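Below are structures written as structure tokens.
The two complexes that follow have subunit A in common; it is paired with subunit B in the first and with subunit C in the second.
After this line comes the complex of A and B, so read on.
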């Protein structure tokens, strides 16, 4: 029989059930905090699409790790959501991509990109006005020379890389041959990064190091043929060649021409700069014996202690080894994660302050960048070091800094 | 004395490089010469057909290894030759379903002979081919690896790159063969008639659309061979076509509209100017030098080097 007491009991039970059932999704909603959006503007089409893809894979590897590990704990386990935008093949398109990002994704709290210094310079003009913290791997000194507050540069700027590279290379030569080289030939393309890298050397750095500059040529990439350039090497016979280019195509033309002129394989050692020189596809364009011994400086490359990052990246991307681009995508995402943990809110200004305060010496972000993660007021990583990498037995191996090197450097003794 | 010797070697080496690179440029220009110079079709996708030729050669030689049995010397050469028919077939199909809408008898009475529509359509095709290539082939730079590209024949102090030299010889053979086909065979004469006056050609029983289709296929096929030859020396990715399309147009106009051999000479001249200008100008001005020489030539000969007087630039 249904009594009033029974009705009250059933009502109370119903209310309790209702309360429980509504409380469950509420708790779940709290657990699934709003994702934190991080932008990746990189060239995903055009001639630099490959480099952009490597950055993307690095960022995805890190985002997957962070999300699998419980997201941003200070924000209720908020997941990282990457917003991928194509920078295209020109500074104009890159700038448009940044404007589109600001207009269409108001929730984005930070971003990274866009590989080529020329693109980064254009993009950061837009992101700075939007007070959007932006980290880049691009080399040009001018990126952090403009007094911007929201731009961070994880690589050592090109001008400083140049200053660091030269004495290291000369010491390697001396250790191997017993004397310092006396002459050098310089070839560089006229894009922003090689120009910035070669500037301190051209402005007296080479002479100060006791080197006689036999020729100094600048060209517009891509080359159609390297004959006139390598003919300079043939007639001048410098003790080593400083050749800074931004395309694999030019590298192939140059090294094959040197082989044709009997100048390759250590006859005239080649020193260069740039992450593209260590990409796996170099071997799809040049035989291993021709690239053997090529030495180049780069802002970041796989060093001792990065096996875990390399493995995770390899599993995600299928790439045989990680290079600067993958490390940047991975490391930048982890830097944002660490700063978000401190900020506790998805706020651009607060996040920017926390990035400036970071001083990371361990963990995935610090592991990605030898020297750790700490930025100065201008946005430059204070402990950034330059890596010197050399192709040995078909692999680009870090040979400097010595304490993190994967192999000992070799200087050809035939020069 | 030593300085004089090296100046002479520099000159001879730059001349040799210009000649060899120019030969392959010449072949590219011959391909465009048929389409733009003879058939008067503006094709902004021409560089992208060259890109297809590069990938066709790559997959025949390295990717699928169909020609691997020929070895690292003959394989890449055969790959370049076979890239021609593959690109011809793609060009034929594209013409049949798209480009025929804006060329041939259909546009005789259209404004500017259909050139506006041709520009828009071929620019669209160029974008689709480049971005489709990115999806299909990926962004990794590739090349057809062969010892030919890193070995040379020596004539005194001058080195002749083997891949470029083979490319030059093949380019000359292809250009001459095409010239003879267009001037000595009935089919070739029909193509020229269909281009010169589509209405009159139709009256004498020439299938104008088919003639245009054949010419378009031949033009892009020849450029596909040039792409296959370039693929031996240079790395490429799906966007490489754009780097060459301006050079191709300059070569065709320089040689003279309507002249196949003129287009070849135009390409050859561009190669020579590009390489030899470095003897006196900074390397950064290589491409500027091309267009300065281009302007000088069309100033004195508006019809180009081998063009007809009434066909001025």
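After this line comes the complex of A and C, so read on.
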């Protein structure tokens, strides 16, 4: 029965709701212990499904951890609920996925994805307009070049990775051998990522580092025969070889040929780039002894202090070790958790402000990203460090940054 | 003509109805996601319409329409990013770029036929993909304009995009409809169904094809340009990729080829289907959406190989058609318009030479198929060319009407050189021709077949239709049979239809290549008077024939070809007694005996 009292009560509640909702979204009122939805848009089908799945596993590992630990404390122990959406195999599908998320999941407060830069660019066009905080591991500089306010990039952007890789590798060589290398050979395939990565080096970066470029070769993948390329290595004998390839099979052909010419296993060290070089399945294509010594730069890889993360992730996914993609899914979820603790409400705009204010140097989020978690106004992680990973004894081990390295770099002593 | 106007109005009404219903649905749907899908449906429909204008109408299958789509997309993107040009101008600019690309691609590629054309088209977008990667346009995003977004075609509301996309789609539908129903579309259809026949009937295949390519490329570029605005990120892979070309092909094939409703139907079904499957199954059973989509396409192609539109239309037509056994106008026997009396005996007089050949030769490698032939056909004559098999008679016709180039010699029509002209140009100067094996446009009606032939002699489409009716009346085809499909005609009807097609533009000279072959005695008696009548009405006729007794009755003059050489020429009665002719037909051994008998 409706009494006068309840009417007054309802009226007061209504007025309060009205008052609050003009200031802040109505969602706040219902935040109590209601799960917090975080979106993961990742390619779960198509050619990038493997990478997308790794992100998903990482995010699930983190969500399980957070929920088991009592959820978001500032929000009455609200649990994290992941909304998984397949980005598919094209920018069109990825954009549709984002639009679907915005239209049909109004409770989502933040999201991550979607591995491929093209997808991320398309998705963030939608999420930015919906004021949805979005974190991505994608490398493209353009992602955080557009003046967007709700986009965060946890990886060092591609342009900077390219600039940072060379001096880092040279310093490693110097630390190991006592002197800086003097000569280099360059091989790259003509696809987007290697071309972009090698561009600043080709445009004077190598010369500026005091390196003599003995040869610079570009090819269209896939290779049918690596002999002409490796002949260049044999005759030129650079102190190291910069080979950036998007396909493992091309690298395999090259390394086999180098082995045949007795140039492999560190005789001429090979430096490369890309997260695909550290995936466990590389060993299915390349015997461990052939890839031994290969060094590559990557935005993120398992570092010292991540044993707990690695174990939990391994248990959840069955993967032998965690790579950039798993770390991103895991770390991004933890970043949202930290920011939600600060915000105390499931509100996109507030959450976005808090992510901008974060300065994490310890805890699972900071552990996931060497250099800690702090974003600049553009959404770039300010202290991002490029990781150098080296295959040693059948495992890709981080050898730089030195303080978080899993192993010491091995650089063959050149006479 | 009134019926025609009504047909146009009906189509306009259908298009308007579709557009309004679609927009009403789009505005009723609140969900921005569904609105986005509805916008994409229209983008791919426009792309499919573009593909259809070239490949659907002319039958030149293109696997490479992504080339134009991509150029449109990149024009919009680069104009925006580098020069700050709004997509409102960028899209028209993209269309211009697309049309130019269409011309540049068309010039070399139209030299190829069939599969080779399709494969060559496949190569263009793949090549462009690498070019744009090489130029450093791997990933270009259209900047967000926070101030004055409308000036840069940026709207918060998907429905605005839907209206723009619909305007684009309606424009392409209307253009396609006019193409379909005009000389343009009919010519393309004729080219698709029988290229040599179309050329001999005076259709400039190269020109129409190029127009189709330009129009088609422009539409695809518009779709691409608008797609860039929708997606806001352009990569070579998304706009030049093989999937983009395939999408155009799939929506058109699925919905119906060669009709503008086809791509609309295909896109309206397939794009939401693919997206729904992806949304519902993508995160549950990754990849299954592709399998379901593929199976759906396979099933439709098996059930309705020409697309849904045609399947449905055939069903409706079958229901409307009278039951089997009912008398049909088409079954009426063919009779000449007026009975004609034989007048072989009368010696006739002829005018000045209409067709003159001087030392015309054509060789295939070492074989001289036509060897220094010199002849002269006076105006008004029925000139018979006879000779054993392989004598070079048809080759001579092919040289005459421009299918083959002569290696040497001069050919004059009414004093003007016609050597080196293309078939449609020869036709335009008043030379009609029929073929040894009838070349019809099987999926057109008799009237449409003849209208195709009439275009060359008519300024307007209506005039062409009048000429066609007149020509059909001349050969005695009237009533219901003019609306029969050519594919269902008897040999005699086909011969008459082909004759009417050749007569439609009112030629001065008719080249008949074994028009009487394959006909029974009675059918022969039906056609001979028609040919005679046509001749009496002032058309000079050169006829190749094996049926000697018919030729003797018909021709005023004989010439005999053997091994490409002219071995005899004169009055029929004289020529058949010529020893060289008898030898050519029967061999030397029989010559003496035959000589005796003739004597």
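As a working rule, the second predicted complex is superposed on the first by the 302 of 415 C-alpha atoms of A that agree within 3 Å, B and C clash if a C-alpha of one lies under 4 Å from a C-alpha of the other, contacts with A are read in each partner's own complex, and residues count from 1 in each chain.
Everything that follows uses one rule, which is that a residue touches a chain if its C-beta (ideal position, glycine included) is under 8 Å from a C-beta of that chain, and two chains touch if they have at least 3 such contacts.
What you are looking at is a predicted structure, and each value in this text was computed from that prediction instead of being measured.
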Touching partner for A:104 - first (subunit B), second (subunit C), both, neither: second
Partner chain in contact with A:33 - subunit B first, subunit C second, else both or neither: neither
Touched partner set for A:214, first subunit B, second subunit C, both or neither: neither
First, second, both or neither for A:285, with subunit B first and subunit C second: first
Partner chain in contact with A:86 - subunit B first, subunit C second, else both or neither: second
Which of subunit B and subunit C A:225 touches, first, second, both or neither: first
Partner chain(s) touched by A:129 [first = subunit B, second = subunit C, both, neither]: second
Partner chain(s) touched by A:267 [first = subunit B, second = subunit C, both, neither]: neither
First (subunit B), second (subunit C), both or neither touched by A:407: neither
Overlap of subunit C and subunit B interfaces on subunit A (superposed complexes): 45-46, 49, 190
Interface residues, subunit A side, partner subunit B - complex: 45-47, 49-50, 52-53, 89, 190, 217-220, 222, 224-225, 227-229, 231, 235, 247-249, 252-253, 255-257, 259-261, 281, 284-287, 290
In the complex with subunit A, residue positions of subunit C that touch it: 31-34, 36-37, 40, 130, 133-134, 136, 138-141, 143-144, 156, 231-233, 235, 237-238, 243, 275, 278-279, 282-283, 286-287, 289-290
In the complex, subunit B residues that touch subunit A: 6, 9-10, 13-14, 16-17, 20-21, 131, 134, 138-143, 145, 149-152, 159, 161, 164, 233-237, 239-240, 243, 271, 274-275, 278-279, 282-284, 286-287
Subunit C-facing residues of subunit A, complex: 44-46, 49, 84-86, 88, 90-93, 95-97, 99-100, 102-104, 117-118, 121-122, 125, 128-129, 140, 142, 146-148, 190-192, 195-196
